[in-house]
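Two complexes, one shared chain (chain A), two partners (chain B, chain C).
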Partner chain A sequence: MTREKKLYLSAKGVTKIFGLGRQKTLAVDNVDIDLYEGEVVSIVGESGSGKTTLSKILLGLISQTEGEIFFQGVKRDINSHAKKREYWKNIQAIFQDPFSSYNIFNKIDTVLLDCINMRGGRYFPREKKIEMMTEACSFVNLKFEELTNKYPFELSGGQMQRLMIARIFLLQPKILLADEPTSMIDACSRATILDELMHLRKEIGMTIIFITHDIGLAYYVSDKVYIMEKGRFVESGSADEVILTPRHDYTKRLLSDVPKIHEEWDLSTV
Partner chain B sequence: MKHTLQQIFRSPNFVVGFSIFAVIILTVLIYPMLIPDPPLKIIAQGTFFEPGIYVNTYDTFSAPAYTLKLEGADSKRIASKLNDEDRLAMQKWLVGFGIPENEIDIQNTEALLDLWNTNFDPSKRFQGMTNADRNYYIRLNNSVQGLLSTAPAIIAATDETTGGLVETDRVQQSDYINVSQVSNVRILPLGTDNFGRDVLTELVAATRVSLMIGFVAGFVATLIGLVLGLVSGYVGGWVDDGIMFITNIFTVIPSFVLLILISFSIGQDKRGAFTIATVIGFTSWVWTARAVRSQVISLRNRDHVNLSKLSGHSIFYIIVNDILPYIASYVVMAFILQISSGILAEAGLSILGLGPRTTEVPTLGLMMNWAMIYQAHILGKWWAYFPVIITIALIAFSMNLMNTGMDQVFNPALRD
Partner chain C sequence: MTTTMLEVNELSTKYITRFREDVYAVDKVSLKVEEGKSLGIAGESGCGKSTLALSLMGYYFPPLHYTSGDIIINGKNISGLNPDHVRKTILGKEIAYIPQAAMNALNPTRKIIHFIEDVILEHEMYVNKKDIYERAKKLFETLGLPPEVLQRYPVELSGGMKQRTVIAISVLLLPKVLIADEPSSALDVTSQKMVIKMLKHLMEAGFISSMIFITHELPLLYNVVDDIMVMYAGQIVEKGTSHEMVFDPIHPYSKGLMGSIIVPEEGLRDVKLTAIPGVPPNLKKPPAGCRFAERCKFVRPECRVISVPYREAGNGRVYRCIIPEAELREAYSREERTK
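What follows is the complex of A and B.
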């Protein structure tokens, strides 16, 4: 790694506080994070550790209480609709629950057409749009002819999540925030979806941030791992470093919670 | 669209509600074509004529007479002419004569007349019977004998030269006329009201006007509530604070008091049905706004809204496409509730004399008001108010059924 990588997205001292007075909750506490071009980064933590809040701040869906976010070295400015739109051409997301990610009143075509429109394809001829949608669907092993004029809720959870990846294929963002994309999916589809995601990353060369509670998954996919506990990063480093030689107690606990198939389970501690 | 309609008409709730509502609407539309009388025309001299078929007596004389020999016709006639007071007086005399009270059935006309004819003696006197009483019983006996007579009634006309009466026709007790041959017959299925107006004609017109008031009031209230709720719920921040401040002010002032004050200040002359409807709408949007706002707040952080934002859609597009469809069934329900509450608010205003001015159109509220002022409920004139209540109930019932049916279709997750 001699060539210096380009810094895409970085956060400095980001803090998010929900509520006021006594009901104040510190969701994200003074977090710094740097994302370089082409990296796969995992943020691992248990439920309520602030992972999703941090991802929404990075996406610009909610604003941080304190701290700054820099995009490509410049302070992020998303104060108007046009600027937000421009920002979201570069950063996109896949959400945890595929069943609630789609507007149930819109057909699948609408979801994909929105992406083409966003990439400036609003006035493409109809044939070209269909060709693009077919290509995106076949990338994730879906058949566009079978999906057209259907509603998202007519698909299975795995198919919906693959459609989400097809969406990313059409949008070609620089950064993808995947917020537990496989946690609601059965184990068989999980590997397929991860493979498709990694394949897509190779194809369009994007940076991926994985938000997950599954430290095994993080080890499987990522270059760099951040361990998050109660709103702050307790440990970070390359995946091998953090997972093979954990230093923090919380990381050790997360690792010990991973069920091991080769060993017999010790039920005495349960 | 076609699919949605098929789904709607497969729901039994909707079909029942729609049928009731369609019957009401069709009646309102077709009835005025069949009977084009102005609804507020006074046709009866006198108040509260009972429901029934009214046959012109004068025309019956010129209609051809038919003779029918029917069993029991005489006793029916006598029974209808012998009123309760006479029956009680006959019973009193018979008890005085010495017949045990429990043997006299005053409702059985034939048995009573038999007892009377065999026992009555004008010369009999009992203890405590005054002369006036005795004369009264003699008169009663004469009228009873008159009822039993089989002589025809004579129709006479005044002779203009002599000034005397000249017999023109005789009506036998067994004479009948065919109602279809009488030139003037008026059916009053719900009788007349206190002013002598046909209640059914009035009710149909009133239903039309009240539905219009309900729809306009519901539309105004739902529109204001929906727009304010959507904007304040989705945009949030100081916009939300500002709108909620106004909403809270309207919440703490009872809307009915506000309604009374506004109606009163408009003045009797300017209060048309449309004005009243708009005023009702302007005072009842508060709960719709609050409910829509809380629904929107729970929706605005859902993933599908976030996804729509990430797809670069504008606030307006997101509100219309990603928020509105999710609360559509709720808005329809609120709209239906607003319609029925609009109809009820109009009734409440009318009872206080603050409803639409009374000279142009009837409304369901005004009909209830008239029935109440002229004490129809105390006098037992059920036809003046009961059909009105039934109509209001049917409108509300049918709309709620339609709403339940539509809810299953608007919300695809509820589809089976």
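What follows is the complex of A and C.
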């Protein structure tokens, strides 16, 4: 017997227009997306296809021009700062550039403590907080003892990105939005980051949305893939369906542009 | 009989930091590139790939310093020459270098043609500007770039176009060796493909005789180069043809690297990516024995003590490990079975 999966987040007809008059640009064009519990979804597109704008709308950092967003079946309300804070307990993000994701004046302890405070652990005893932070760091194979009293710039890119995952571990959101989490990191650390993200997903059972231009990565991690071109979803479906039997020309082109190792890479098509 | 274009014998270079500490970034690297061949250098970030590229030019500026070894380009030894002399007679003519963020090198207040004039006037005196324009136009046409680009400012061009323009400028004086250090890592897949196509065209059309290509993206490297060299902590750990290196690596580090390849092909989802735990060693105090010992699964006590020599594996293939090839392969197949 399969249990009906809960619908976490859904967007209906979301449109975003930047600018006015002649300068008007349509960044996101009438997009529908449904995210269920425990799913991993990828949104793939080239630069300028509107995938980051869509992710910002889903996060509530910018508002949509048209359309509705429903969170757990109820229309999302983030009109006040308090309501936004409440919403962000459920949805969190990892961004592309780990170097600019941290406040450079805050020590790493502060970064992790903020997460505990946000989860309602403000009045926990000191030992408990340290224990929680140590647990979170060891989850991503970092040592908390080595990180205390350090500033973010003393870490490498890979370590910073892993610390981001440790943050998510403490926050335990329902949805994680990963906006190109591995594009600034070399291929070897990429495997580590992905492993840890997937492990975390199993641990706390959250939904992950990957925003990426790397179609191989999307295929590797996700259950469902959406291909985005010029603000629209041109193709969507299960990962195997979209990547192995692409139907839309844009998907075919994207796939042919990626170097592969078992097939010949045709250079004559550009 | 093929001629050797670039030969490097036991090249070592180091960085000297503000605090007078030595960082041994390239340690006794030897390599050979023959005419018409391309060599790829792979490795994770911080393992000395880019420093090796800088060192190969023979043009050292602080904090990078030359320690020992020879660099022989087309029969000419350029190591230890006066940097000014190297810049005027070697760079651009014998060896050209495309750095990682090459497109940011273009001054936004000048037109593309001005950069070309700069390069040619630096190396050849008494050239008419009109001749330069004609020459540049011809070059751009052969390379498949629209000649209108010459009269444009860098801000008017897209990232991929800027990158291709920089590559075109770097081959103006027909260098023997081209070193491309991550030329496409800041570009999207389509522009990346255009850049790669252009580099391949340069080789085929005889603009350059050989190429060194540096990247951490292994599927790309596999499609571009003939031979792959894997670097770790300033040293070469394995060298072989690209097919051998991707499908049949010997050294545990190469094995780990090749296990992190992600390509959108059938069967990828069943593969478990192998991640190499830990970080590369601090090169201020490089470990005495094998530099990979700290992160190696098959580490033995003697690994940390004796310096490991290269071993031959036939067909010009070398690897640097204390454990013989057969034993390593056996260990890999055992691992495969337990999965």
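By definition in this document, the second predicted complex is superposed on the first by the 259 of 270 C-alpha atoms of A that agree within 3 Å, B and C clash if a C-alpha of one lies under 4 Å from a C-alpha of the other, contacts with A are read in each partner's own complex, and residues count from 1 in each chain.
Simple rule for what comes next: a residue touches a chain if its C-beta (ideal position, glycine included) is under 8 Å from a C-beta of that chain, and two chains touch if they have at least 3 such contacts.
Predicted model, so just to flag it, every value in this text is computed and none were measured.
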Thinking of the overlay built on chain A, is A:Leu59 touched by chain B (first), by chain C (second), by both, or by neither? first
With the two structures laid over each other on chain A, which partner does A:Glu46 touch: chain B (first), chain C (second), both, or neither? second
Using the touch criterion from the header, give the chain among chain B and chain C with more contacted residues in chain A. C
A:Ser138 contacts which: chain B (first), chain C (second), both, neither? neither
First, second, both or neither for A:Gln72, with chain B first and chain C second: neither
Touch test for A:Ala93: chain B only (first), chain C only (second), both, or neither? first
Mind working out whether A:Arg190 is in touch with chain B, chain C, both or neither, as first, second, both or neither? second
Look at A:Tyr102 in the shared chain and tell me whether it touches chain B only, chain C only, both, or neither; answer first, second, both or neither. first
Does chain B (first) or chain C (second) touch A:Ser238, or do both, or does neither? neither
Shared chain A contacts, counted only where both chain B and chain C touch the same residue: none
Hey, which residues of chain C end up touching chain A in the complex? 44-46, 188-190, 192-194, 196-197, 200, 216-220, 222-223, 246, 256-257, 259-266, 268-269, 273-277, 279
Quick check: in the complex, which residue numbers of chain A touch chain B? 56, 59, 61, 81, 84-85, 88-89, 92-93, 95-97, 100-106, 114-115, 117-118, 151, 153
Residue positions on chain A within touch of chain C in the complex are 46-47, 141, 156-158, 185-192, 194-195, 213-220, 239-240, 243-244, 253-255, 257-263, 265, 267, 269-270
What residues on chain B touch chain A, complex-wise? 302-304, 306-315, 321-322, 325-326, 412-413
